[in-house]
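Both complexes below contain chain A, partnered by chain B and then by chain C.
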Partner chain A sequence: MNGRNYRIPSGLFWVNNRDSVTVVDPARAVCEKLADEKAVLWRLLQQELPRDELIRLYAAIRSVSETDALLEINQTLAGLAAAGFAEAADG
Partner chain B sequence: MSAEDIFAIPVADRVLIYAPLHAVSALVNRAAYEEFRTSFAPGGRNAACVVPILSAIYGTVPFRPEKRTGPLKEPLFLGILPTRGCGMGCRYCDFPGGNHQVMPLSVAKNAVDAYLMLLSDHSIDHGAIHFFGGEPFDAPDVVQFTVEYARLAANSKKIDLHFEAVTNGLYPKSTAAWISQNIDSVVLSFDGLPAAQNTLRPYRNGTPSFDTVFANAVIFSRGGCDLVIRSCISQTNIETLADWAGFILENLDPSAVCLEPMIETPVSRANNLSAAGIRDFVRGFVSAADLLSQNAVPAVYSTAETRLLKTAACPLGQDALIVTPEGNVNACYQVERQWVALGLDFRLGRVTEDGFGIPAGRVEEMRKHHVDEKPLCSNCFCRYHCAGGCPLVHPTGSPAGQYDEYCMQTRMITAASLLTELGQVELRDRWLTDDSSFAGIIASPTDRVNPGFNGSAG
Partner chain C sequence: MANLIISNVCSANCEFCFASSFLKKQDDHEKFMCLDTFMEYIGLLDRSAIDEVRLLGGEPTLHPLFADFVRIGQAAGKRITVFSNGLINEPALEALMDCPPDRCAVIINMNARIKKSQRERKAYVLHQLGERSIAGITVDSPVFPLDPLIQSILRNRMRKVIRMGLALPVYGTRNHNLHPKQYPAVAKAIVSESYKTAAAGIRIEPDCGFVRCMFSDEEFKALNRNGFCFGSYCSPIMDCCSNGEILHCFALSDLFSVRLEADSETDSIRKELTRQASVWRFGGIYPECEDCFFRRNEECCGGCLAAVMNRFLPVKAMSVCL
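Right after this comes the complex of A and B.
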């Protein structure tokens, strides 16, 4: 399975409210509230799981195939990158 | 006037009157107790000295915990056993070692789906999922999956879920951080200061565990979860119990500290571990409770929680559904061979993608593990706090009042707790120091004020 690589910029902090995650970038004085499956993905990313394990768990949680899971993950990360809460790491 | 569920316990030269269903307790002298007792006799008069007690009792509506009846509707909780495996080599634990099956995610998913469907079908908007083991975080992906999947599924059904885990604290800090952020209540098994913890609860290879467990306990204390510390007390750590309580207060922030006596097992005997003596345990518990109370941290002995009224001692009989790694649904979280060895059967059924498959009558069978069904407990003042205790370690089929050492311990701690609540610390300590109090607490076959009452709470 392919997909872009992303990394979470340093300097962010986040608050887990169980049902959602609020990510804060103090340098830019902005925050983003992630709900439902986006919050799930954020929490999984924080676990620094191996890529395959992350996809396996996310697919199981979302009850989708691993292919569809990867698609969802990439879409969410692209959205986070556009908002400045993730960075493309592959050029 | 009825004396149903009103009890009297001699304490030194006084009598402790206790009406648990009314949450009333009082300490009186022997003469006043006679006045109190005779007020229940036909034509009995209410002497002025006992009127305040009677008023307190009969001025409140008694709260009696309901016995569960009817179809399975609202289980106490859904239990998930991700694995029976555990990386600790506790010197008293008789859980089987070796390789253990890890729960497939499909089994966890089926369990969550079936549980939420059950709640939803009965319009119940809250639930609880508890993780036990072995050590649940020996299979962290199962716990993580279950929490995230259940949370998403529950949100869509507008059900609020509470997550609890019983854990040994033996994992990387990143796991502890995840737990503190995602599990509501953490019950951490932690047996004491380094010498005790490292002796009683080392890694399976014998390596000391204190530093890792303490570091994670600090993470739980500072995180968003509710922390309960559970310490198993034996002769090895009873002497340092007060120091341990002081250490907890100084370094951690638990909502409660649960102190339970070690039950001797073949494993503990092979490791030359002995249970703490009853007198030592009771006195140690009360001293530790005094210390912990200075910071408003309650010390808990599970069969003597006077703030709780219960009619079943454990999940058994409260419709808990505990799913094993193999997909069996049990009413008890202990290892199956433990109950099989006693001729008991706590299996409810199976869970599949079609839901819970529980044969008719199984739930009702488990509900028989109710204090009303335990002859030994019929006339005991602790019956609504102890409910007979764990059926795997405490048989309750003997006639009412034939109390054993298990009862002695529970009855002493319960009475001591009531005296503490009444501010009678000096009397309590004098009573506890007297060895004859321990024999005395089990001398009377009934605690009921009206001995003619037949003991049924129905």
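Right after this comes the complex of A and C.
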């Protein structure tokens, strides 16, 4: 099963908190606190892992199957795109 | 409160200085604030009902018109506060000595890095200023015995107050500063030294950037008993520069500033600087700040915003192909 493609734009900043990740977009003067599965995904993304490795590790951390992991990753990225912290890159 | 940065030059060379990187960037013709700009800032203080002129630098007393600025401030009915490294020349010293002691305070950076040959002058200045002077210290290491400072305060009849600042970082540049991980060690030293200051009847007033959790509850109680007036704050200081730019503070000079306008007031300037910085104020200097009890109860601000911002990493731009 394949999902959409996304771009994480440059110009953002992020920081690890104890239980979350905060992403700031200074240009739009907005910040977003990512908790739970969103924080896990963000941290993995920032390690610039290959696709399969990303899904495998996400599934292991979240204790879900790789199919479910891919679903969750898609949903999270769609949420990030809606908040302006990722861009859908289809077509 | 607003600081007028009247001099971009300094006669000391402190490693922890948070102003030097900004001041070095200023053009030669802006080394000293001109009289017109000074008067515009006096207007800002008047419009904002502020009865204090705070003169900073660099070393503010190096300004050729320093004595005039002091007299203008006095004539405008304002208290004069000067932040100095203590190497004050004679005309500047005379102008300060002309001020009534209760209308003038000179906060002397007692651990400014000055040459051996300058120490005699500083000792003379401290002796002359007496009750007009307040000892300031910037803590840049977890070891800082206050005994010499206490002796100096008593010997020179300075005010029985120590204004204590932490060596804070400057965002986007390097100065010698304390890492937040060092704060608990600094806190232990403060508590230990506070017994000596209390015995001498001297109060310690913390500057910005302190956090509540650097002290254990027991240490905090001891500090209260010993006259340490704890406060945790990080808000726009409003450093007013000679080019008409008003900074959130030197530590964030590259990021947050506004221009002085003819009808500016400090309330609106503070609001705008607060708005500019607000997106970064999610938490604090430690990962634990995000759900900290002290922060929720507004007992702690989360520390210096420049230190908070130093925790951030730039996002790696990438494509995610699913």
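Methods note: the second predicted complex is superposed on the first by the 88 of 91 C-alpha atoms of A that agree within 3 Å, B and C clash if a C-alpha of one lies under 4 Å from a C-alpha of the other, contacts with A are read in each partner's own complex, and residues count from 1 in each chain.
In this text, a residue touches a chain if its C-beta (ideal position, glycine included) is under 8 Å from a C-beta of that chain, and two chains touch if they have at least 3 such contacts.
Note that the structure is a prediction, hence the values are computed from the model and not measured.
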item	value
Fit or clash - chain C, chain B, common chain A	fit
Which superposed partner A:81 touches (first chain B, second chain C, both, neither)	neither
Partner chain(s) touched by A:61 [first = chain B, second = chain C, both, neither]	first
Contacts of A:16 with chain B and chain C, given as first, second, both or neither	both
When both partners are placed on the shared chain, which of chain B and chain C touches more of chain A	C
Touching partner for A:24 - first (chain B), second (chain C), both, neither	second
Partner chain in contact with A:6 - chain B first, chain C second, else both or neither	second
C-alpha centroid angle, chain C to chain B via chain A, nearest 10°	60
Which superposed partner A:37 touches (first chain B, second chain C, both, neither)	first
First (chain B), second (chain C), both or neither touched by A:71	neither
Partner chain in contact with A:53 - chain B first, chain C second, else both or neither	first
Minimal inter-chain CA distance - chain C and chain B, angstrom	7
Set of chain A residues, in rising order, touched by both chain B and chain C	16, 18-19, 46, 48
For the chain A and chain B complex, residues of the former touching the latter	16, 18-19, 36-37, 40, 43-44, 46-48, 53, 57, 60-63
Interface residues, chain C side, partner chain A - complex	276, 278-280, 282-283, 287-291, 311-322
For the chain B and chain A complex, residues of the former touching the latter	105, 109, 141, 144-145, 148-149, 151-152, 155, 174, 178, 181-182, 224
Residue numbers on chain A that touch chain C, as the complex places them	2-20, 22-24, 26, 29-31, 33, 45-46, 48, 51, 54, 70, 73-74, 77, 86, 89
